[in-house]
């Protein structure tokens, strides 16, 4: 082995399981390690600190291992300055580019530290104005790279902070002592509390929503929550909007498969007529304005002037005029709405939840609700980030959530 | 081919899909058929009637096919008298025994028809007092057969009635028009209506309950429903009762895996201590009487003098003293409670739900609630019987059900 | 009720369950019916024929019900000529447009019948050259409509043929009698037989492939099948290609979660480097040509000059330069490859399988293989079409399939 | 807080995640801790050692926490002697009894250490002959306790050893480098290697088998593996044996639902006739002897004189005469076969796998194969023990396993 580097990590290393993952990573990359120093917190809430010497076969491998370890909050002791390289081609990052995490990240340029403006996973780091007094560093997705841009390569000059698990715990609050409150209902109440807190903090609530919301009959609950101000932005696909509009235009009895809680997505003419009707109107907003669309989730979003980003997929019919058919454009539209998000609810959609998870900073608490345990595990387990999963029915979940948050829901 | 027989079937043959299943059965048994006559109902609600000539390779095969077809309500035109044979061994039915369905069944003895007293699947038919003026016919499970008993063999002399699908529809009622009511919440309300109706009819409500009720925090809702008189009999295993008692004795925070909504079933000392405590008391009832057990589902059942049958399984620890460790004895205890059941709720247990489904007459409406679609499909699709499945979370389901049925639930 | 129409349907109405579905549809649309005539086939293999008088509240509703019934092969007795209307806006079908099925369809123009060239679900019907001697009729997706096009409205003048179930049975062949052959292995062998037959018929085999193929280690089996000529076209997303290329460039040990048989889709730098490498090369083909990419599925497809269509989704990183980022463009590229497909294999992807299912004619036999029973049920149950589902592991499935079809696979 | 104790733990504390679990446990029990000393292994393979001072509210709680921690291999520094108490009632352990793990356990009596003979979870510890020179200590299930027995109470005088993770790794061996070998097929090969090794070590292979083996067509593969000597003991229920025998007597075409890979368990007369036939013969062995049963899994087990334990459940029909209808008797019969087991395969049965998992020592490597990821996670994640899960199809898995282990399988 040739290349070697010393790294450090601080935090609740043992009780969060993070140290196991670090050592797993080193092994996965074929590296070796010596734990040089380990200061363990003596009391329950003390953080620990480890200094580890890492060795890899060659420098390329070592650099990639170092980048990997930064996703765990492991930073080099001798940080140095970040190394920059020019992109040579549009849409292509320079070789050895630093691959980002969604954690809070700082970059050292000429001995000064700069925060990365918009942490996002699997991007490059763009340095703008590096020759000025006020350089800025932000993540840039591969497809937005333009020739000549200055991009960080390698892992030196970079520091990553892993958020303390405590902040999530606080967002959810401690389990209640009330005898009537137990797991599933407690979870609903904790989500309700976090949403109230988010609003009180002046932050926005992001919903990532699948068509199962319509099929399980949760649209009235979601409409009530929109009206009560608990929905600021919705990310969804063509299906949620189309099924919601189909339901508003044609009633809900048709096209619903009770057994699987999944609507029949195709082969039923109602949804293509609904699509055609909105296309004729020009947009969902126009259909609301001209009275064509008078109820449902999309109507409520338009009426209450809430934001939504609909991104298409290869299985779409139509699609609705508001749908981004180019998925890269769709991602850009989603990124433009990520600012000030304080809480994210992911409901019954794996596709859009994974997409959102990719661009959401790790500091935003998120909760994933789905009937399928595999989906929930996938989304909620985002390594060190603030994910929480609830394996339950989205229909009854939103019903309970509306009962918690909307004073007169189903009581009028 | 040699053996031949003519059969008849009446009902909503086409819109219920029953005719497809009949023809599938004939093919599966290697038989052939000619549809001799087919009177189709002309109006929407008219029944149809088919007369079919069936042929099979030999008489043994034909008899078995005829028995199979009776599960679809297909009866022989020339019924004749039932043929009886003596059981030669304890626990063994005579060769060629008639294998029962859970449908209403009549047996012709010397030209007179007798109702089978307790329709149950996969049993023999015992004729008692065939030499008296007052013979009786009832189902008998294989293991209860005693040498010398008179048992029906072959399919002649037997008629089976398939219940009209209408009666189930009525039990559930038509979908509501209320704008706030949609699939999952509508389904809860329909179950609530059916339970009220069952009570109004003077019938009993049977709950088949898995430990998921405790793990999802639905115990308070179930306790409220017991108190309000909507639980008459509970069939369960050692796990439901033990986890409920563990929760009552040690609190609910421990042993719950939020992610899968499944409690950790083993390896946790709390449940063995709970078991030991009740074993020491002698029984659940004794533990309630001496004040050891003061809350939870089992406490509510004992306090309100409701019936319960707990049957063990090979994975049990303990078990509780009230548990039938012999599964055949357990089945007998369950059979003894089947009388007057007007509605059956199956909640989050595949094992006990299948067991109950085996002994429940087809005329009893049942609803199966489970997070796993495979379990729901298995239970709800009982051929011609009155099953309904809801793929949802049992925790939120019971919470909503209690809100529907118990006036002051969570409002005090 | 006012509007009324008489329809006819011929086929194995009872044993296919089709009549039940027809009557369900009539009820769903609030219609009523009288069965005017019903000729039942007397022998096992005779078809039946029904003539049904249908009534609906008004003509609009009736027309939509008639279109719906055509998905079942139910046609009007008095067919008449098709009614045409001009599209008034780009991307919008005229009101009352005929919504297509994926069944073989004929359209009557001035008393002459014309086959629809490319049956596809949920489209409109475009008539080109209706004022010439040689008019042509083809399906047109909503988004391809241009102002002024002539589109069929209403259900008159249209006939739909439901394929006989027999043809599927033949494609699969009867179950083997060999004692070693049982369900799962029999199913693999039937798929192998159908693929051999497709090739013998000069038709093409379409694979719809998810990244699970790479994660379960089935890439070598798929490469062998490509080499042996059993893969003509592949529809997939960015993930399959990226994970395959990542595996070829970096080895397979990383990024695989053995427990769920799902790879870690994000947060691992290998896949972004793989993406960047191919983007730098310009295309997958260029990377094969310049030696960058030397193994794996994509390499095999390029080397053997097979076709592939990659369509992006909102969760994609990169994406690869070959990926259609506009999903509507992607659908067009897929449509361009549908010709001459004789068999379709859908493997471990719900998104792309549903998308393919939307554009595939009902006459193409398809088999859907997935570990998730919900996905399989959704895909395989396409109403009257030729779908078959296998709930199994795609890794072992392709291993067995390669053992069946590639003489020296794993034997060299 | 009052009660306090110092404990120690040694091993790969960080890279196995065990320390996180220990600290979780302390928190769960409301305890507090101070890490007094932590020696971290400096090199990759060095073990670490921690000394932790633990505090709990009172001694009862502390004792229970200490017992809990022993499941993690955490032992008290000042061990002392074990405290014994007499059982006062049959079937009831004394208050404060030590609740066992399935780990290797030693008990200190009068300063001498004795190995627990048969480690098993959730039992008490019986000391026999404590007044002799040769006392013995073994686990005793609650239901086997008899009044007057001497039982260990509290956690003092007990030491538990957690097996090193390495030993499992060796059993499975490192991933192969062969290009044709990837996850699912690699996993099959690793299982095959472990089974060969078990046989070479003179140990027995235990199969825990569900009826899915018959339904997925894996019976021939299992028969071949029995013949080749890779099956020593089978634990199963009535269903596996009945469906296997039904298949042998009536053929396999019937009663199989391809879609769910689950056979129709009830409502089909074949299985009750199969049951009656064997009951008439007296036992499975008698039916083999008299020629009634000539093929299938049970036939192979009898013919090759392999051991099997069938334990009943509440959903059973019949059952077969060989089935233990009393589940506690069934557990005893299973325990009697646990000796010398070197490897355990759990296939497509959650019920019997959990039951086996309860009584199997943690040192026995086990692999759980099931299509349902929830079942696999539950079984394979046994805390510190040697479980491994494979989410795959048991039919194709056993087919591949037979191809690996039986030289002429499907090649003759």
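By written order: A, B, C and D. Residues from 1 in each chain.
Basically, a contact is a pair of C-beta atoms (placed from the backbone, for glycine too) under 8 Å apart; a residue touches a chain by one contact, two chains touch by 3 or more.
Chain-to-protein mapping (UniProt): A, B, C, D = ornithine cyclodeaminase.
Not measured: the values here are computed from a predicted model.
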Return the chains common to the contact lists of chain B and chain C. A, D
Remotest chain, chain A as reference, centres from CA atoms: B
Take the average of all CA coordinates in chain B, do the same for chain D, and state the distance between these two points in whole angstrom. 32
Please compute the C-alpha centroid of chain A, do the same for chain D, then give the distance between them in whole Å. 40
Whole-angstrom distance, CA centroid of chain C to CA centroid of chain D, is 45
Among the residues of chain C, pick out those that touch two or more other chains and give their numbers. 253, 260, 373-374, 377
Going by the contact rule at the top, pick out the chain D residues touching chain C in the complex. 175, 179-188, 215-220, 252-253, 256, 258-261, 371, 373, 376-377, 380, 389-393, 395-397, 399-400, 410
Mind pulling up the chain B residues that touch chain C in the complex? 13-17, 19-20, 23-24, 27, 32-36, 38, 40-44, 373-374
Using the touch definition up top, name the residues of chain B that touch chain D in the complex. 28, 64, 67-68, 71, 89, 91-93, 97, 99, 101, 121-122, 141-143, 237, 253-254, 260, 262, 265-269, 271-273, 275-276, 279-280, 311-319, 321, 325-331, 334, 351-352, 354-355, 357-358, 372, 374, 377-378, 382-383
